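Order of writing sets the chain letters: A, B, C and D. Residues in each chain are counted from 1.
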Amino acid sequence: MAENVVMLFQWLVFLGIALVCIFASIMVISNKNPVHCALWMVLTFLATAGLYVMLHSQFIAIVQVIVYAGAIMMLILFVVMLLDLEVELRSRLKFLYSKAIGGFFAVLLMLGIFYAVITRVLKGNVGSFTPEKVSAMGNVKAVGKVLFTDYLFPFEVASILLVVGIVGAVIMSKRREARKE
Amino acid sequence: MGITVPQINFSIIAPELIISAFALVVLLLGVFFPRTGKNDYLGYVSLVGIVVAFLYTFPIMGKSQYAFNNMIVADGFGVFFKVIFLIIAFLTVLISIGYARRVDIDFGEYYALIMFATLGMMLMAAGTSLITIFLGLETMSIAIYVLAGLMRGDRKSIESALKYFLLGAFATGFLLYGMALIYGSTGTIILEEIAAYIKSKPELLRSPMIIMGIALLTIGFGFKVATVPFHMWTPDVYEGAPTSITAFMATGVKAAGFAGFIRVFFSALGAFQPDWIAIMWLLAVATMTVGNVVAIAQTNIKRMLAYSSIAHAGYILVAFVAGNELGTASILFYLLVYAFMNIGAFTVVILLGKRGEENVLISDYAGIGFKYPLLGASMTIFMLSMAGIPPLGGFMGKFYIFSAAVKAEYYWLAVIGVLNSAISVYYYLRVTVFMYFREPEREITGLTFSPASVVAVIISVWGVLYMGIFPSDILALAQRSITGLL
Amino acid sequence: MLYGYFAILVYILIALGFAGFVILASHVVGQRKSTATKLSPYECGMPTIGPTLRRLPIRYYIIAMLFLVFDIEIVFIYPWAVIYRSFKGFGFFILGEMLVFVGILIIAYIYVWRKGALEWE
Amino acid sequence: MELVYFLIEVVVKSIVVFACLMLTVAYLTWAERKILGHVQVRYGPNRVGPFGLLQPFADGIKAFFKEDLIPGRADKVCFVIAPMIVIVSAISLFAVIPFGNKLVLLGREIKLVIADVDIGILYIFGLASLGEYGVVLGGWSSGNKYGLTGALRAAAMMISYEVALGLSIIGVLMISQTLRLTDIVLGQGGGFWHWNVFLQPVAFVLYMVCGLAELSRTPFDMPEAESELACGFNIEYSSMKFALFFMGEYAHMVAVCAVSVTLFLGGWQPPIPALSFIPGVVWFLIKLVALIFFCIWERGTFPRLRYDQIMYFGWKFLFPLALINLVVTAIVLAIR
């Protein structure tokens, strides 16, 4: 008896998180005030982190909270405040022809993916880290073990990617002082 | 705690290591010894770096070895593309040395970003797992987004960079989603293991999830290669970006896109060939015709070359559709010839401009043939080669592609291809006509030819002529290098 | 197996309930005499001049960008730190891995420092 | 049936921790004013009840009944949400902090921690970074020039120190090989010389300094700099919402000190194994009070740094120091 109560409860929690996630993402795109959009986006990221927890990958969940909800959204909030958006807020959301076409293709794509995922969920071959083994060893240790042995090369390339990111950001935002002196 | 240390052999990734080391060195030099207006020494340092990397790619030519739990491989296919990328990077840096100072973008980061982009391309060509290809694509794209928007002064460059960034990020999202769906349905990200898994489970061929994954991958790669439905950004970005970066984008980014395209679609998803052939057929035809037809109406040389690069992508897609062994080899051959032709043409565009007056309108080319005979001659060679006139490399490239299409019984495709190259002859020759048979309305005077750019033109001309007159040994090299792939 | 997270959920709900209840109660209980002067933004008694904020200096954007990149770096270091000592046999190998990763990012840090993006005049 | 026990256990534990926290926060305000008073050779609050002990309740009731005002130009929704974000994120930091060892009650063994989760430390960093949203939102939504500037400066400062904070604790993780706080405390058992503060002295100093910066306490007192910004981001807040900001800050202070005790001062471990008959919770509280006293005492003595000095110190001194500490620890561990 206790077993299916837990299953039912887990299903309820999943449904709650999924609905919050979908509702928040709809609010992100339909909101006019950019700061409100940013806040709804934070809620979407938190709901996604909740989904990751349901999938037993706790490390990815908390990284989602720290990096996405904590750092990227802070950057977006700063950028939103960097631009003086008084004019933006007053402009009415006018119906653009291209928005209709875009919307149509978006719905088409969503139906395609929905159909692809629903009809026949093919289980790929299960990796070597089953949830039981991961929870026994501790999620972060499991990620660490795989990250630094099998995926060592992408890990090192990631640092180059971060460097390119920094260089790009700093160049684009620094005033050109080359010509002054 | 069984920790297995992955087998590390640095010889496999020697070129990548060298390029990133030199890029970081140039980055630091540019910051620690900034000499505004005289940053050419950074260009020469980058040239040295590219040459050293070039030397290190050859030893691993023969054997195809895997490294880092087969995340990356040093097979013939990867090495051939690395050679193409290094040539392109070498020529781009040569062009930039004179040009960068003229448009005030000659600081250290410019050369470092070019080398980071080259590193990204090399990873895309040599990566044998979805993650390496994605990381390579991402490194290349971010570096190119910044380079495209470097001329902060002029509004068009910023607009082109932003447009390219937004569309690029969107397309990378599609690519990533496609990779996720393929990983979901096959449970692995190593390309060989995907192919093996698909072979072992034939019912996977009809599973909608993997087909949707392939569709999304086509969109992602299609954008990078600028096939028709995703080519809207190309003319504006090519026109807005600094000309040296336009050359780099037109050749390097397109070649890297095709490298990833071929690697994923042939070695991993080969079994799905009958499914994606139909789409590719349509893409090839549409890309060729739109590219050529719209190029006719262009007045700006950079926009014309942008549309011609779309058309060339169409020709390469024809060989992609052919899919046989000659087809893939002809793609490699064509990308090399295309690189020489395009960079040469853009170099001539650079040489004809000076500070404040860029002369990018085709009408500005009136009377250039007589005023600067060498420049006119080399531009004519590039134009004729792009049009596919026999003695030059362009013709041989197209010849191999269309013969591969005919061998794979895509007669209609070959016919449309030939028709398209006939149309292209018109707008390529129009430039020559302007140069030799039109009176210049205003004098273009005071052009200073920086030695580095002249060397670049000479190398490009040599490349086009060599591949036109002795195409066979390069084609043999290409065929040998893709043996392991198919 | 996810009992820990359920406990966190309960605890956060209690905190949320407390915060919501307190604000609602004080809104209901407190008397409301909102006059015009009370509603105007407080500027030490001076009448407000100029819009809230015309343009935020670019430094905030650069700092947020640097924070994002170094935050991602830290998130990569956590799994490494946790399994560091279990690499007993070949410690120097895993140390080498991280030194390369951190080294490249230190180069970026030096670049940013010399470029003057950290200055806060 | 085992499920029902679990439910009761969780709810009871949460309520007990929540109540104790609220009490501590209330008396922290009293303690701070009392200690600051004596540091500046004057009495703190002593009118309300013996030694002013009822002062926190007096403040609470006053805050509760004052008029709750939302300024005209404010963004209504964000204005109300901001204090809630700050208080909730500060309170929920305590979900993973282990207060004591096991407790056998009614035949059931109860762990004295609300949630023994595998990613303990990262949960705390995640919530700390969410707490900054309350500050930024509070400043932005009040539609006040000073409020917004104060909020953005506070956020920029907190961001800069969060980088060094994140790096400072990696040494501890390397030693204890886990992110689970209960295991970290168990790893420091058997006498105070096993505590991490002696194995990682630099990291302890780094953590405390960055912690103070996260709380924007005195040396890094930029947001509430009375002289320049007229009380920073919570300028437009009145009555209960202002009280919530105030309580959030103090709850966050207790949380930072509690985490520091868990990571560096051996949580509920007795300094000498012989003293282990005294329950763990008492040791935990003693160390916590010691650290909190340090924070308050430090507020009374340090001058406020200028804003560019704060940013310079954060990015150009603490961040490299944290990196060096990380590399040195790694090399020492590799050799040993």
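As a working rule, contacts are C-beta pairs under 8 Å (C-beta built on N, C-alpha and C of every residue); 3 or more make two chains touch, one makes a residue touch a chain.
Predicted, not measured: the structure shown is a model, and the values here were computed from it.
**Student:** Report the chain closest to the protein's overall CA mean, measuring from each chain's own CA mean.
**Tutor:** Of all chains shown, the one whose C-alpha centroid lies nearest the global centroid is A.
**Student:** With chain centres defined as mean CA positions, report which chain is farthest from chain A.
**Tutor:** Result for the farthest chain: B.
**Student:** When the contacting C-beta pairs are counted for B-C and for A-B, which pair yields the higher total?
**Tutor:** Between A-B and B-C, contacts are more numerous in A-B.
**Student:** Using mean C-alpha positions as chain centres, tell me how far chain B is from chain D in Å, no decimals.
**Tutor:** 54
**Student:** Return the distance between the CA-based centres of chain B and chain C, expressed in whole Å.
**Tutor:** Each chain reduced to its C-alpha mean, chain B and chain C end up 40 Å apart.
**Student:** In whole angstrom, what separates the CA-based centres of chain A and chain B?
**Tutor:** 31
**Student:** Take the average of all CA coordinates in chain A, do the same for chain D, and state the distance between these two points in whole angstrom.
**Tutor:** 28
**Student:** Could you check chain C for residues that touch two or more other chains and list them?
**Tutor:** Within chain C, residues 5, 53, 56, 60, 64, 66-67, 71, 78, 82-83, 86, 104, 107, 111, 115 contact more than one other chain.
**Student:** Counting only residues that touch at least 2 other chains, which ones in chain B make the list?
**Tutor:** Counting only residues that touch two or more other chains, chain B contributes 1, 3, 5, 24, 27.
**Student:** Among the residues of chain A, pick out those that touch two or more other chains and give their numbers.
**Tutor:** Each of 58-59, 63, 66, 70-71, 74, 78, 81, 135, 138, 140-141, 145, 152, 158, 160, 163, 165, 167 in chain A touches at least two other chains.
**Student:** Taking the top-of-page definition of touch, could you list the pairs of chains it picks out?
**Tutor:** Chain pairs that touch: A-B, A-C, A-D, B-C, C-D.
**Student:** Contact residues on chain C for chain A in the complex?
**Tutor:** 1-2, 5, 51, 53-56, 58, 60-62, 64-69, 71-73, 75-76, 78-80, 82-83, 86, 94, 97, 100-101, 104-105, 107-108, 111-112, 115-117
**Student:** Once bound in the complex, which stretches of chain C touch chain B?
**Tutor:** Touch residues, chain C against chain B: 83, 86-87, 89-90, 93, 104, 107, 110-111, 114-115.
**Student:** Looking at the complex, which residues from chain A come into contact with chain D?
**Tutor:** 2, 5-6, 33, 35-36, 39, 42, 58-59, 61-63, 65-66, 69-71, 73-74, 77-78, 81, 135, 138-141
**Student:** For a test of understanding, state which residues of chain D touch chain C in their complex under the given definition.
**Tutor:** 6, 10-11, 13-15, 17-18, 22, 63-69, 71-73, 80, 83-84, 87-88, 91-92, 94-96, 114-118, 122-123, 142-149, 152, 156, 159-160, 162-163, 166-167, 170, 173-175, 177-179, 230, 235-236, 239-241, 244, 307-308, 311-312, 315-316, 319-320, 323, 326-327, 330-331, 333-334
**Student:** Which part of chain B faces chain C closely enough to touch in the complex?
**Tutor:** Checking each residue of chain B against chain C gives 1, 3, 5, 24, 27-28, 31-32.
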